[in-house]
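Naming follows writing order (A, B, C, D, E and F), and every chain is counted from residue 1.
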Amino acid sequence: MELMVSLGLGAVTACAVYLLLRARTFPMVLGLSLLSSAANVFIFSMGRLRSGIPPIVNSETTGYADPLPQALVLTAIVIGFGMTGFIMALAVRARYQTGSDHVDGMEPAANRTPADES
Amino acid sequence: MTLLIIILLPFFAGAAGTLMAQRRGFSAAAWAAAVPTAASLALLAGEVPEILTGEHIIVSWPWLPSVGLNLSLRLDGLSLLFGLLILGIGLLVILYTRYYLSPEDRIGRLYALLMLFTTAMLGIVFSENALLLLMFWELTSLSSFLLIGFWTHSPLARQGARMAFAVTGGGGLALLGGLLLIGNIAGSFELSAWFAARDAIRNHPQFNIALALILLGAFTKSAQFPFHFWLPAAMAAPTPVSAFLHSATMVKAGVFLLARLYPLLGGNLVFEYVTTTVGLTTMVFGAYVAMFRHDLKGLLAYSTISHLGLIMFLLGLDTPMSSLAAVFHVGNHATFKASLFMAAGIIDHECGTRDMRRLGGLWRQMPQTAALAIVAASAMAGVPLFNGFLSKEMFFAEALDLHGIPLLESIAPAAVTLGSMFSVAYSVRFIHDVFFDQPHDLPHQPHKPPRYMKIPAEVLAVVCIAVGVLPSYTVAPLVDVAARAVVGDSLPFYRIALWHGFSLPMVMSIVALAGGSGIYWLLRNRYDVHLHVPARYTGRLLFQHAYDGSVALAGRCMNRLQNGSLQRYLALSIAAFIGLGAWPFIQHGFQTGRLAPMPVGPLGLVVWGIAMIGALGMVWSHRTRVVAVILAGVVGLVASITFAYFSAPDLSLTQLAVEVVTTVVLLMALARLPQATPRESTTHRIVRDAALAVIAGAGVALLSWAVLTREQDSIAWYFLENSVPGGGGHNVVNVLLVDFRGFDTFGEIIVLGMAAIGVWLVLAGMRVEWPAILPKPEANGIMFAAAARLLLPFALLVAVSMFLRGHDLPGGGFLAGLIVSLALLMQYMGEGLHPILTRVRIDFLVLIGAGVLLAGLTGLAGMMAGRPFLTSANGDLHIPFLGDLPLASAVAFDLGVFMAVLGTALLTLTALGQARRKSPEAEEGRPWN
Amino acid sequence: MNHLLAVPIILPAVMAALLLILHRAPIAAARVVSVGATGCLLGVAFAIFAQAGPSAPLVYALGNWPAPFGIVLVADRLSALMLTLTALLGLVVALYAAQGWDAKGRFFHPLFLFQLMGLNGAFLTGDLFNLFVFFEVLLIASYCLTLQGLGRERLRATLHYAALNIAASSVFLIAVSLLYGVTGTLNMAHLAERIARVPAEDIALVRAAGLLLLGVFGVKAALFPLHFWLPAAYSSAPAPVAALFSIMTKIGIYAIIRLKTLVYGIDAGAVMDLTTPWLLPCALVTLSFATIGAFGADRLAIMAAYLTMASTGTILSTVALGGAAALSAALYYLAHSTVVIAVLFLSADLIGRSRGDMGDALHPGPQIRHAGWLGLAFLFGGATVAGLPPLSGFLGKVLVLQSTQEGSAAAPMWTVVLVTSVLTLIACTRAGSIVLWNVTEPLPGRPAHPLRRGELIAFTILVACSLMLVVFAAPLLRYFDETAADLISPTPYIDAVLGSSRDGVIKPYAGVSGD
Amino acid sequence: MLDIAVSLLLLIGSAFLLVGSFGLVRLPDFFMRLHGPTKATTLGVGGMLLAEIVHLFDGGFSLRELLIAGFLFVTAPVSAFLLGQAGLRRRLASRAPLPKEFSG
Amino acid sequence: MLTVSIYIAYLAIALAVACCMTRLVRGPHPADRILAFDTLYINTIALLIVLDIHLSTSLFFDAALLIALTGFIATVALARYVARGHVME
Amino acid sequence: MQGCPVTKICPFPILSAGLAATWLALTGISPLQLIAALALGLAIPRFAAPLLAALPKVRAVGAAVRLTAVVAWDVLLANVAVARLVLGPSSRLRPGFVRVPLAVTHPHAIALFASIVSIVPGSVSMAFSPDTRTLLLHILHVEDEQGFIDRIKERYERPLMEILEKC
């Protein structure tokens, strides 16, 4: 099971990185969002994997999964959500302002002559 | 203390005074500058008798002992000579400046800068601490920069200023390096300590590097070939500045430095060889070029270069008398060159040009000026009875006395004679072309210069003659103590006199005078020097090309490297992270742990399959963006199931809710973006990105695999043990969030709130506050609207339940906030944003602020009780007949979290919803059809 | 219980929250709150500065949970120094922005206060994950502040800035949790102990986490090749924000110092010297790259941005060489560069504003108003940053060179530092002579943006600070030496955080509650 | 006895869940596939929820599982309706002739 | 008996998920994929319930409830987006 | 009705009861929770009132229960029928769009009717005409179009009108 989680995590990370490197804002943001999901699962996995023993203290159960990474993931999920929303809005505004959704704010044709920037 | 006053007086009294006095006119400003300078001079003069006895004074105040920087000053013969020169000529320059400047010039500024320079220059000559010396050294470069650029409107001035600063300031940094190296070797920066540790320093392996750096500093400052080019360019400065800085004083700083360090450096073969070679080359080269300058100041500049070379040559030689000659010539050159500059300034001032091709016959209009110039030029040419002759004679003698310097030994006598001939030639040209030749279209008829403008030059001319005729009664004692400060007491018996009998140097002088006059005659009549066009590849032009070229190159480099491409930045960053992460495993190898893995169930396989398909599908289909959003939802769902399966119900719930909100946010953004991604990546880029992606993915997989197979040691037991007794909750994750690590959560809701504010800010200009026509309720909308309305109260109920039980069961403020947000989102979607916003008038910003404030105040409550921030309190409230109601202060904190999350989600959704869509239909396209 | 440590975090947070609640109130109120709060922060920072010096590090256990279980705030000399710098800069920026910049965007003051909270939190926290949270606080605040006033360039720059940093945040999470996975703790002092005793088979993992953290902090510090976001973001940010950002790269440097000297600071064989093969070359390349950038810059603000990066290169290359003297020099240079870069950004703004449409572009333009004062201001900034005596830059450079004289790295270090100094000097003179001297047209009749008194006060405070770095160099250097000594031997820090008895803090995690 | 009831309900639920999802693959056009989830929802999830209710029986029934059913019964038709709208508006391929007047 | 039927249920759910994934991958139209996504949500609810029965807990109930309550919002938003090009007026 | 204290405190009695029941289902029954259920049942509708104003009033509870039973039964039967259709050869299927003229007028009643039709396997509500007088259904297998329309109107629409629109 651990191996599968690792492999899945690796696959998601790889896809995230690939999307992150795209030239348009939308896939790039999807990549960021996916990357933060991967990071979340990674944090979670650092508490090791335990099935069926949530860290809710009661008199019957004696075993509990590690609660600390869970708390960290919760924080990370929420922060990741905020960041995704923010950068998505940024992408929307950049498109509105520049007319292009290229991550560099202009269509690649114009991009080939860097001299005209200065 | 006197020394310190001498140094600081010009700047602190003079600079401030002149700036204040300039409103009252030029004379007031001049007095304000002159009085402190004169005071300094008087103070210094007071020290003369003591120094002439051979004493020297060292005073020291600690400043930064750990750095080795102390306020240590030294007054000995050498610094006395230089000090008198600086202050004396300075005083004359102040007077001269008063009449030189035009009424529109800001004389206060010029004086203030001159005063700054005076202080800096005095600082150099009086420093006993090498670092202190360097500080003043760089200050002279800075003030020189500002003085050359005084006429800011002139491109030549700006260029000259920059060039001078680049060369001398850069040399100063090299000098810094050299001094630091020696300081480190010696363990101190006090010069006396260096001299004491002379042998240890010179035997240190780093000594040669230090020497090279020091020489670099000295050569740049004293305009030695090939660093000479800044000095002619510096002639764009006002003439008083040229007279003061660029002939008499600042350019002598390099020479001074080597003289000052002579006890340490002298006799070192490298030092001797390099210095003499560079000096001699500079001397001949400068003199040669000077003959062909048409500009008076240009001629004088190259002449200065030549004479500096001469002094440098003398300093390099390892004989006591050569050093004496060097010191002597410093003084002589200062007097005649300053005088010549002043004369040139007067001519320029009265005729409107400095071009010798146009000037001529001024003997008649300004006989006094002509007489002054002839005296000074004769001194420059080395004519007997003038001071220049004396030192030049010594120079010839030294050049004939080179022993043990292979090549130079044979070349030097010829070279010095040749150089002197050139020197005579340009001196003759100066006098003849200006005062006796015929003028050619002068800009205006020359008139008599003001009386007081000539006085400084006259004083200097008198000095030239007095020293030339009666050396023993004038400067001989001063030169003697100065030379002794350089070479110590090894000075043999000698006599500075006009007549030493008929000797080889005498012959050389005669040859030089005759040959020089002959050369001038040839230049005039056979070669017609007035038609000469200066060479194209001067050092100055080369520098300018190099300068412009490197600025452009730097700009181009940056445009290529820092090219504004996020893709490149990200790729490089990811590659860097991969390298960093992989490095330890390359060093130490990769090891998995020994923990037995959990068995794989069919369920695991299925979920794993969904994850793989979802993630890979996102990559595969990312061009059709809405599909990528769907698949992102799938991946989120898998994450949620994973959390649920591996005992993290809180995570699972939060992930689910967040995923839904994220999907909606992504779609709302997508509605304002193109619907499809064009195919534009080159194969090369795709391969590169895929490679990075696969490696990064593999890395993360390996890291997690390595940890998942290892035994775990952790502090986590503490939370399980203390959650109920200390935190008052059974849900350890929630207790962690609101209590053990409540501080994280406090920061996190602030992040969240700011993210929403960011969304609001970013979209501010796109906002449609109120649509002109409210969209009509659509028939097909009633399905969703009805469901949304019906679900609202139940969703609120579920939220309340999740919130209240959160401390003991999965749930809590985050989740409740998200559920309420979703419930309201349903209303937005069902009835439209604006109708709902009018009915639910919540200011989300206030909600966020209130949430943060509530969380913060809950934390502060603990402080009121004398406990740290965020200390929780909990207990059971007993209600009769009903039972115990568990209460924890953390619930209030969680309420703050709830409010902040709610405010954030709603603000984000509202801001996105209100943002204008640019012609949605036009952009919609239908890529998926 | 010394509540002083919590104040630099709570005060700005609460004030910012209040300002959000009162966001419809006139901006004057926000200005008063903002300036007042930063003033208080400065006082508190000084108090901490005074207390952190003589005694062992101050420790504050949040929620009354003992370290390493709960989150602790720790103020040692280094933290106190950073707090003071932040507060100082905060006050200056608040004053400067209150003259009108803050009205160009929205929510300047709450965002600004949250930014200060994030900075202070990052400097104070003793917990690695909490450091992540504060990084996020200060990052999101900085994104929003960079955006103030919007505009094409800002949007693009912020998008790049945010994208790179959000990606780096994921790496941060991975690295922190990896450390937790291997060592089972998050408290930095405790991590130091755990890492020192890590079994041989875990060394690679622990180092990998450390190096990933180095990379993450390198992004914040703008260390080559992770620096790419900086020039555009800093040069397009509003001036007061850019001035505030001069402490933002320092947060990365601070974290790297902590990482190197505390978390990986105890002698632990192979794990020690985490940064060795990487930090020095990267820092030197950063310095060179940045200097070339400043040299070829076509705007004052871009030049200032590259000079920010150059200061990172100088400081980190010094830190990389290690040793108490080098650390002390690095700290002095850090303090110096924080102040002077703020000076540069502010003077670029003042000059740019007085040149009308030409702005701060390095092209001949109109005569600037108040040329004397502004010229002096720029001269001061340029001379300081170029390392001209007797200003703080000179002293910083001397200290850096002196402390890095020994060893095989000295030659490249000295070469790069000296050559880049020359280039910086040339770049500054070039910029100054173009902007201040090369005037194409006389003074425009009506000044678009007059100089305001508050701006001058803010500016003067900065200049005074820079001068005080020279005047009080001796006591400051003593402080830095002590700080460096503290950093070199972290045991007292660890003892102060963890207390004396710490057996059984870590247990094999069986997934059961202890009894 | 209870186990048998639970098993039975589980099997019924599973069967209809599978049929619903199977329809998703099997049926030829979008509009026909749209019928799948309703089956999966109603008898599929419904059966399983009943199974759990019975499973948790301890003298009284726990009714909270009914909440899931209730929410699903409210939401599933809405999802289907909006998906149908999407199909109509985008005029997806359909075996039954698409009505003109409803696709605007 | 119960165990066997639980495993049968798992198998059925696995097959159902496989069907969903097939449709999700094959499309052809985004609307098809949304439909598959929605069905996946429902299958997940079923899975969570069976897990509860299997493990005799109610750990997964909350997640199932939450999906039932809010999962359709994602579906609806997606469907409306495909239909009209936006999520809300 | 205006000013009646009961309606003022509890404007949506059925909703309140449903909420209270839901609360108890979620938390279990105890004295404390009973009070909480009551409080929330009353508070939430009041709190959400601005958004609930258009909710229809239920007039006939008995009819509602009957309708529920009818629908449950139909769902059961239809599931089996449709399962056979799905598993059988798909070429045999005759899908079709069917227009159902609506008698109910209240938007919620219309929505409820459309939902019920969707819940019962074999038919899915697709769209309303702009005047909401006609409901478009997609039928998986059309045999007797008019009979189908009559049946659903009789079995679902009439009771709905009785429950929601009898005023």
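Criterion: a residue touches a chain if its C-beta (ideal position, glycine included) is under 8 Å from a C-beta of that chain, and two chains touch if they have at least 3 such contacts.
Remember, it's a predicted structure, so these values are computed and weren't measured experimentally.
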Query raised in the report: Taking a step as a move to a touching chain, how many steps at least join subunit C to subunit F?
Result: 2
Report summary line: Relative to subunit E, the most remote chain by C-alpha centroid is chain B
Report summary line: If you tally C-beta contacts across B-F and across B-C, the winner is B-C
**Report entry** Label of the chain whose CA centroid is most distant from the centroid of subunit D
**Finding:** B
Query raised in the report: How many angstrom between the C-alpha centroids of subunit D and subunit A?
Result: 32
**Report entry** Mean-CA-position distance for subunit F and subunit E (Å)
**Finding:** 23
Query raised in the report: At what distance in angstrom does the C-alpha mean of subunit D lie from that of subunit C?
Result: 57
Query raised in the report: How big is the gap, in whole Å, between where the Cα atoms of subunit B centre and where those of subunit E centre?
Result: 61
Requested in this report: Could you list which residues of subunit D touch at least two other chains?
Outcome: 15, 22, 34, 36, 41, 64, 67, 71, 74-78, 81-82, 85, 87-88, 90
**Report entry** In subunit E, residues with contacts to at least two other chains
**Finding:** 11, 13, 17, 29-30, 34, 59, 65, 69, 71, 76, 80, 82
Query raised in the report: At which residue positions does subunit C touch at least two other chains?
Result: 129, 133, 136, 140, 143, 147, 150, 155-156, 159-160, 163, 167, 171, 174, 178, 180-181, 186, 298, 509-510, 512-513
**Report entry** Touching chain combinations (by label order)
**Finding:** A-B, A-C, A-E, B-C, B-D, B-E, B-F, D-E, D-F
Query - subunit D - residues contacting subunit B, complex - result: 67, 71, 74-75, 77-78, 81-82, 85, 90
**Report entry** Sites on subunit E touched by subunit A in the complex
**Finding:** 55, 57, 59
Query raised in the report: Once bound in the complex, which stretches of subunit C touch subunit A?
Result: 129, 133, 136, 140, 143, 147, 150-152, 155-156, 158-160, 162-163, 166-167, 169-171, 173-174, 176-178, 180-181, 186, 298, 509-513
Query - Of subunit D, residues touching subunit F in the complex - result: 15-16, 19, 22-23, 26-29, 31-32, 34-36, 38-39, 41-43, 62-64, 66-67, 73-74, 76-78, 80-81, 84-85, 87-88, 94-99, 101-102
Query raised in the report: Considering the complex alone, what residue numbers of subunit B touch subunit E?
Result: 602-603, 605-606, 609-610, 613, 617, 624, 626-627, 629-631, 633-634, 637, 640-641, 644-645, 649, 652-653, 656-657, 659-660, 663-664, 667-668, 670-671, 775, 784, 791, 794-795, 798, 802, 810-811, 819, 822, 825-826, 828-829, 832-834, 913, 917, 920-921, 924, 928-929
